[in-house]
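One structure is given below, encoded as structure tokens.
Chain IDs A, B and C follow the sequence of writing; residue 1 opens each chain.
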Amino acid sequence: MAQLVDNSWVAFGLRRTGRFLASIVVLITAAFLLIHLVPGDPVRAALGPSAPLDLVEARREALGLNNPLHIQFFEYVTGLFRGDLGTSITSGLPVADVIAERLSATAVIAGLAFVVAILIAAPVGLGIAILTRGQRRGSLDAGFTWMSVLVGAIPEFLVGIGLVAVFAVTLGWFPVAGRSGPESYILPVIALAIGPAAIIARILRVEALAVMNADFVRTTRAKRLRPRLIHLRHVLPNTLTATLTVAGLLLGGMAVGTVLVESIFAWPGLGSRLVQSIISMDYPVVQALVLVYGAGILLINLVVDVLLAWMDPRSTMKEV
Amino acid sequence: MSQLQLEDVRVTYGRGRSAVEVVRGVSLAVDPGTVLGLVGESGSGKSTLVRAAVGLVPLSGGRILFDGTPLDLRMSRAATRPFSMVFQDPYSSLNPRMRIGETIIETLAHGRASTRASREEEVARLLDLVGLEHVGPNALPAELSGGQRQRVALARALAGRPKVLIADEVTSALDVSVQGNVLNLLRELQAELGFSLVFISHNLAVVRYMSDTIAVMNKGRIVEEGPAQAIIDSPEHVYTAQLLEAVPRRMEGRVRPVGSAVSQPDTEEEVDT
Amino acid sequence: MTSRSKRRNPFLAVLTTPSGMVASMLLGLVLLTAVIAPMAFTDLANERNVSSILQGPSAEHWAGTDALGRDILLRVAAATGFSVGLALLATLIVVVGGVILGTLPLLVNRRVGRMVTSLINMAVAFPGLLLALFFAVIFGVGTHGAVLAIGIAGIPAFARLTQNLSASIAGRDFVSAARLAGVGRIRLIVRHVLPNIGEPLMVNTAIGAGSSLLAFSGLSFLGIGVQQPDYDWGRLLNEGLEGIYVNPMSAIVPGIAIVIAGLAFNLFGEAAARALGVTVPSRWHGKTVRASEAEDESEANESALLSVRELRVIFPAEKEPVEAVRGVSFDIKHGEAVGIVGESGAGKSLTALAIAQLVERPGVVSAARLQFEGKPLRSRKDARWRRWLGTQLAVIFQDPMASFTPTMRIGRQLAEIGEEHLGLRRRAALKRAVDRLRDVRLRDPERSAHQFPHELSGGMRQRAMIGMGLMGSPSLIVADEPTTALDATVQKQVLELLASIREADGVAMLLISHDITVIRNVCDRVLVMYGGVIVEDLPASELLTSARHPYTRALVEVVPDMETDRERPLPVIDGQAASASEVGVGCVFAARCPLADDHCRQSAPPLLDDQQGRRVACWKVDTPVTTAGAAP
């Protein structure tokens, strides 16, 4: 029997890793093609119409843009393995340096935001479900729904602007922009976390209610177990699987949300640099940042899938 | 004439390591104008078998012959299809967004009636045939009961003037008191219109009532086949005997606690995945 | 069962719920503004006034002015058309692209379909904004590029949704029937699949429009979307952020506009989802029914194990509350097996659940008396009550797959009872669990205890459930359709197991089933239920010989068995089983009874006891009757 479990886990592991690698390949290809899909000459676009011709030519040569496509692709991929993520058109500096410098700033607020979102959403969502099941406390139910819809519908950049306007400009409690001491982290993290927290809380409540109406919970009531036991041991684990799926998606959204939030708070992370690069058409930087963000997302999805498989014993068998 | 023949039919689900052979080499013949009862428990493969026979599921081996000629079962509009099927779940067998008249016409359109008037006439005739003349072609499935929906499904199945009709557990989802309606109707129409009927059920008593010949299916294979009463009176295969034993009889005494002389040792069924 | 509902008009359905009304009004307001405001305010909004630059809110300019002296509020109003219009345009791309890609696997051959599906799945893994940025780079900064970028970025998610919905429809029998009839693939999609997924698609389109609006605002805010001199809310937000020190309103007002418009679309979509999907009314506005506290002690029947008088189960409904169980009374003696038989809507399952104290809100249970082992069964939920019922009353449900917790091993689920109610430690409780599994004749009890529910077969699961009920030492087993989901061969084994448990320990049983043959073979006494009431109560041995109620006799006659005459049509009962909400005054069976007359239809017969252990509710009880003949 143990052997059976091992086999299905190994099979799952292989399948999932295969999917991950396939997605990485597609991502790398898409990132590579980014420069080539842009209409016109990317170097000229980045340097501007008044830049001297020989400078444009030199940059083109340096970027290898005059080689045939498959050679460029080969160079690109081997470069990736070497850790060479390209060279910025506008500054001439290696992109890898940019990323190394800014990665932690982005990762920290994204990670913190995720933790904060879960810490808020889990007890609130589950608690509201327990309090309002069977249509008890209708006003609490309605109030929670309305509020969570409202908060969840406000995108992170608007939350960020609102927070800045109220708490930084008007009240002066927190710095308006820039990364400095711990108090400078608070507003960006809240801006990132609050929308997803509301959404997760709402979904958690819906899922918990569905589980509490499920047949197997009726069995636990027939066994006359203590309510706390029922909720923690039977309801919660079965709610987590559905919620984790959504949380995983939202975490990905949060990671990309850093692009917007960093622009508001002038946060020295990857997101603000990405926006700058898009506007200044510094394509190699854009390419590399898209790659980094994309790979981060794929990694998050992989972790979520593994967690889901571990938590739900049925899922490893049913994977397509 | 209209003889349906299955030769060593195999059906496999899934690919590679997780492939499961659900039908493992079944050979069957349905004589024209007769009723073949196909009985088996869940997981026996009987539903898959008939779906493969009509082309809804691809074969992984063997072939289907109709009137002696192999049937090309790829979907083709022009083909005059000699089969029809009535499904088990009355709530899933009709398009909730189509009026029942339209549902029936859809099957008609590939047959004889070509003008609109003649199609409408045919629909009325079919509804009359299944006892739904008072319901009318403009009804929506949501307005009908389970038994009525099965009758619409039957009318639709008959619209194509099939030579072979397959009834897959058609009364299993209905209340006991209305099952008789549908079964009587089916038997009557079969006698009147003369099509061959393949009647599938897990209920041996009902299969015995409806069929001329019975085929018993277990784990993807036919374990026994023959005239209905002969199978009931003197089963040859041990699985058939088990099935018969499990049917509660009218005259039988009470269920005996385990340990008495009559009971059989518990069989441990296979885990369903 | 008949559902006489007419097809609802979806729009009306949305509008009549309170949240739907609010959402519709809000959305209407937004759309109206989008059309009118640009026409009315554009010129005014473009008026520059050099003398009043960057002012805060004032009487003249309610939200202040921007760097060129233009009124901010007017600019926000005028931008409505552009912002909403662009969002809708992007949504159009999302929906058209998504529906085409999502239904593509149904049109093409399997291999191409799988490839399309994998591509969509890969793309869905990335958040929309990332994809939007990617395409924004390719299509270029500016309005056109942004529309294309957001549109294409939204396609994978919509395609996946469409695909999931279509796949579930494509698996339904009516699609198989159409395929059998030779219906072509295009017509299958257009006439069968799309109409049945239309409603969820429309809901998601509304929500998608909201998301597109937000995404557009985001891109414009970053400077990648709409460019000067055009302006939309995102652009205004960008300008406002620069002036936030001087005039916070310059950022807040466009922000509020975005939120309101986004909310309008989202709320509308969600209200529509609720209105179109929900069948049970969410609020009961009628009088609350309180469980009756008065106990009827007049005939305190000490010898009965279970004593039930006037049991009612009431549910809220659209117009009036529905009594699904309408005054059921009976006793069960120690060691006796009582069966309740009936068709769908009879109320038999609810009776069992109500007795087992498992009916939850919004259903309400009331009874004049509900006594078990001489004590009232009323829910008190304290530890002593729980231990009493947890060990003395066992409940077995119909679907053993759904009735076990999927994430916990079987042995542990049994052991819980030992730990909670019998004071056992974990190891001892598990050992007891394994013993019980052995008692219910699982071949390898140690192994089964270690497995998850989905790893056992149906029969094994049901036996495990019985074993779970035996962890205590129950005096009553309540079994709700315990063998309906099982094959005939397994059914027999499970029933034999129950019989041997009864014989060994003198355990009483309340068995619910629609299968009268099972009831007859297993139980001592039979209660026949129809339309929420008991119509007959008689010993099982007399079912075939001396049933008196026309329904009971009909039930016995219509079930085909191995001796049914093959030459004759099967007997039938006219009409179909009525549920409690459909019966009117008078006898519940009157609509289908061959003996019914006006008296039967107007006045319900009482359940009369003949003092010989039999009861029947029928005005015509002494009239000889033949079963309703075969009606074609």
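Some observations on this one:
Keep this in mind: a contact is a pair of C-beta atoms (placed from the backbone, for glycine too) under 8 Å apart; a residue touches a chain by one contact, two chains touch by 3 or more.
Please read all numbers here as calculations on a predicted model, not as lab measurements.
Taken pairwise by the contact criterion, the protein chains link up end to end in a single open path, with no chain closing the loop.
Geometrically, the chain at the heart of the complex, using CA-atom means, is C.
If each chain is reduced to the centroid of its CA atoms, chain A and chain C end up 32 Å from each other. In this assembly, the C-alpha centroid of chain A lies 51 Å from the C-alpha centroid of chain B. Touching of two or more other chains is recorded for no residue of chain C.
Multi-chain contact residues of chain A (touching two or more other chains) are listed as 317. Residues 1, 22-23, 26, 30, 34, 37-39, 133-136, 138, 149-150, 153-155, 157-158, 161-162, 164-165, 169-170, 214-216, 218-226, 229, 233-234, 237-238, 249, 252-253, 255-257, 259-260, 263-264, 274-275, 278-279, 283, 286, 290, 293-294, 297-298, 301, 311-314, 317 of chain A are the ones touching chain C in the complex.
Those residues of chain C that touch chain A in the complex are listed here as 118, 122, 125-130, 133-134, 136-138, 140-141, 210, 214, 217-218, 221-224, 237, 240-241, 244-245, 248, 251-252, 255, 258-259, 262-263, 266-267, 270, 282-284, 356, 358, 360-362, 383, 385-387, 389-390, 395, 397, 399, 402-408, 416-417, 420-421, 447, 450-452, 454, 465, 468.
By the touch criterion stated above, chain B contacts chain C in their complex at residues 41-42, 51, 54-56, 75-79, 81, 83-85, 87-89, 92-98, 103, 106-107, 110, 131, 140, 142-147, 153, 156-157, 160, 175-181, 183-185, 187-188, 202-206, 208-209, 232, 242-243, 245-259, 263, 266-272. Across the complex, chain C meets chain B through its residues 1-7, 172-174, 176-185, 191-192, 195-196, 343-344, 441, 443, 455-460, 487-493, 495-497, 499-500, 502-504, 514-518, 520-522, 544, 554-555, 558-564, 566, 569-573, 576-577, 630-632.
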